[in-house]
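One chain, subunit A, links the two complexes that follow: it is found with subunit B in the first and with subunit C in the second.
Here is the complex of A and B:
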């Protein structure tokens, strides 16, 4: 058990290291460096920059040094001082920019995750127990369509319908009067009123997928002999269902929790952009479109970090749930 | 003397002899039982057909601007006119332009007294069919006027025409991406499965790593890093490669696990004992045995790649004009204001949904059929 946890922890740290390399490569990838694009901007503004100034700037930014020195500096700054570089587009540190908007992204991701499981587990079990019933068919149809609709299209359609029938803008997370207001109870309520739309958008495909998985794994378990034995023993149907097949069917669900989180985090930026949420999505897209790579690379790193930590947690949960893994290596 | 009789009844499909059928025949029988898969298959055939004959099927050419029908909605096809008289030849109502007295914007007004009958094989704008020969014959058109089945965008371009042409690009990008992913997955998975040991372990860790990283932000960042001055064709190629990088991990896993399992089978041992070379064993004995599984995986990877391309292009980080894909068309519908005025710009999105649905159905059917011996 302890060995398993240590094993997964080491794996998590290694993955983080690999991700940081990927993020750094992304930062370096666009041709030309920041000094070039700055020189370009000055040129267009009619105030060209001299070659000497350019070199000074390169030296000051440290971009004239070899890549591994730059990488080392980037990582050590990040780990030791929590400094992820400077966004030249915003003229502010990356950490500040991300820190401002990250809580909302996290709120969104976790609300979505919770909604997905709360909705999918009962529906999946019900569909398995009442296989081929009308309800089962309805849920499968909805599921198929949900899986096939790109997140942003769903967001656009919901926004269109909201505009059309409720005359309200469903974009954003606050009504105008609460936009800059300090935190208060009405503001929280207002946030909740707006939050459900992006949560539904983000969660639909994942919920559809989860329902399918739960249905399939519950169906597998329902046919097993031990279920028949328990039934023959006279346990009430509900108790039987929850105690044996459902408990078994939950294993793959918990095991893939990390992937679900990856999926939600992956979809979050695009939904944020379409619905103009004040979360990290628009910030990320803006950074990408302007090749503001320190910000973009930092965001990739943060997004990855959350999914990696999520995977670690889901591994731990699986250990708690499934004794077979707990016993592994002890026998 | 019984042989010809049997052959005939086999052709009629009345007598199914599982013990005589080939592997692929068994698979087809199993696939046919999956009704939704057949529906998906026909839907895909329709998509491919309209992609191949896009120029001919569309009433206009994609760049054509209709200045008297700017940003206006779909035109309905009618069989009955305002007086409820039946017309054997369907028609659209004529449109006239007027200026809005307040905003002075050009408006298009329905003129119910005038009909534009729909005719087939009409002459319209010239185009080069498959880049081979010039012609001006379109499958259908409205005589005396114009027809916009899905409306027009702000420049007056026909959304229906553009959607058909985008079908070609979207499917071809998907196909190219999937093929590339297929090759990548087969080679890397093959290496892992064949050599095993350390190499296998390293490749499996790599795949695990890629799958645990949120894909969309990473691919967005990759495509944002493409040089701005690249031509749209270069971008097209680059996007294909980026899309392939999404799809290969699954395929590689399948190839590896099947290779590992089949390596231990008796027939492989028999082939080795008969003195077959490694290459011959792989190509003649192993590959046919897991080909069906790879086809399943490709079918499953296709919608994933399709959705990724659409999302990238929708955000303005994928393909760009003048190349048109479904995602590029949806780029115009990015904000609430434009979809509130022109909801028909979302129609290409429905094509995406239907294409992905079709692929998912076919994939489900194929997954069941890939192992025809299971019940």
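Here is the complex of A and C:
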């Protein structure tokens, strides 16, 4: 077991290293660089800069050197000093920028995850046990609609409804008066009042998908021989359901929790942009558009880190939950 | 109910709900199980043996349902017999009987245990449920049971998972679970079919010892008449949801009267022909599907003694050849009439 964890951990670090190279290369792939996009802006503002100024700027920023030199510097600073570089656009350290907004992204992602599981598990099981009942049909229909609605559309609908019925300014995560206020209890309440909209937007499709999966796998398990064998022992239907088929059906679903974390984290930026949330979503988009290299690279790296950590968590859960895999892990 | 009869099935009908259509699967079967006896239910695959055995404890899956009949059980405590058909499907009454007074083992030892729970947990569950035992007591009793059914190193086995057991060991585990509460009846649905021949013999020997030493009554389901000779007292031969012939083992083997019984007996491989043991291949044709049930006697398309306009017109009535030997075949109805003339 301990060997397994160490094993996976080493893989995790290696993957992270590989991902950092890919992220760095990808960020540099689009034609042009930050200097170009800066020059462009100046041009549009009616104050073009000279070719000499441009070269100077390139030299100052270090982007005239070969990519591997830039990469080496970036990574060594990051590992040795926790410094992820400097955002030229914001003229602030990347660590600060991400640090300010990441907690909100995480809050959004984890709230979404919790909502997904809390809603999907009971409904999925209920639909399976009462297969083809009216309730089952209703949940199925709602689920299909939920799956089929694009997130941005759902966001717009909810924002409209929120404004219309609750008189709320649902864009963003705070009402204007709390926007820059220090943390206080009313501010937390205010956050909660706003948070449900992006959480619902981000979680609906995933919840609908989870319900389908749980329903199908529970149905599968209900027909298995071991369920009848357990019934033949005299156990009550409810205990039977929870101890055997549900436990079995939830196994893969709990075990993929980490992958689902990945899913919500990677879905978050779009929702963040559509709803203009003060989280990492808009930050990431602008960094990409402006070729703000270190900020964009840092963001990619953070998103990937969550994916990799998510996978690590999933692997661990799988091993903890299934004795068969646990055994292989030991062997 | 008769004196020593503990389980009696009377005119049991079971239908399959196939997209809203009712397809008969079991069509009025009768049998009795006496205390300390083994009754074998024999027939080719698909004739309704498993469905019948599952119906006995009201375990039928959703799509199958008892439409009429009785399943009367005489508990050991001497109270009035209970008709299981009249009880709620997963209600308290039938649950108190399951695993406690009547236990069951299944054909597929590989899938009869949950892979996520230890053997000890799954056997202990029954013990704690019915005997109101503590965890520690249940565990101690489980170890004893595992030892009794011949599982080596039971103190270790109790904490093992099913995948660590071989097929034969799992079936022994199932038997241990079935024995946990000292049931008065054991229903065994093809308990040896899925096992290798040598393991088959060992498990059969274990069941035979249960009968001999503990006087366990059993309903033993198999498609292999060769096995029947080794363990059963009485045999009921089933074909497409009906019992076509029934009687003591000696009588049925020595004096078979239904053409189907005769062909089944002819299909038993000779000694030394072990590899062919599992198949009953030598009967002409194959069992029709539930949806193409032949009219009259369902066996008539495969029968060498088929009589036109008789066998295919209506189901043959029950003929009692002797107080202990019954058959459903027009050959014998004709013979009986002649004898009466």
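Here are a few things to note about the model shown:
What we mean here is this: the second predicted complex is superposed on the first by the 302 of 331 C-alpha atoms of A that agree within 3 Å, B and C clash if a C-alpha of one lies under 4 Å from a C-alpha of the other, contacts with A are read in each partner's own complex, and residues count from 1 in each chain.
Definition applied: a contact is a pair of C-beta atoms (placed from the backbone, for glycine too) under 8 Å apart; a residue touches a chain by one contact, two chains touch by 3 or more.
If you're wondering where the values come from, they're calculated on a predicted model, not measured in any experiment.
The superposed arrangement places subunit B and subunit C next to each other on subunit A without a clash. In the superposed pair of complexes, A:324 makes contact with subunit C only, with no contact to subunit B. When the two structures are aligned on the shared chain, A:182 is found in touch with neither subunit B nor subunit C. Residue contacts after overlaying the shared chain place A:235 against subunit C, while subunit B stays out of touching range.
Put simply, if you stand at the Cα centre of subunit A and look at the Cα centres of subunit B and subunit C, the angle between them is 80 degrees to the nearest 10. Of the two partner chains placed around the shared chain by superposition, neither subunit B nor subunit C is touched by A:66. Taking subunit B and subunit C in turn and counting the residues of subunit A each one touches, the greater count comes from B. With chain A used as the common frame, subunit B approaches subunit C to a shortest CA-CA distance of 13 Å.
Those residues of subunit C lying in contact with subunit A across their complex are 54, 57, 59, 61, 90, 95-100, 103-104, 106, 108, 111-118, 122, 125-126, 129-130, 161, 163-164, 174, 177.
Interface residues of subunit B, counted against subunit A in their complex, comprise 209, 211-218, 220-222, 224-225, 227, 303, 307, 310-311, 314-317, 330, 333-334, 336, 339-340, 343, 346, 349, 352-354, 356-357, 360-361.
Residues 223-226, 228-237, 243-244, 247-248, 251, 321-324, 327 of subunit A are the ones touching subunit C in the complex. Across the interface of their complex, subunit B is touched by residues 15, 18-19, 22, 26, 29-31, 144-145, 147-153, 156-157, 159-160, 163-164, 169, 171, 258-259, 262-263, 265-267, 269-270, 273-274, 284-285, 288-289, 291, 293, 296-297, 299-300, 303-304, 307-308, 311 of subunit A.
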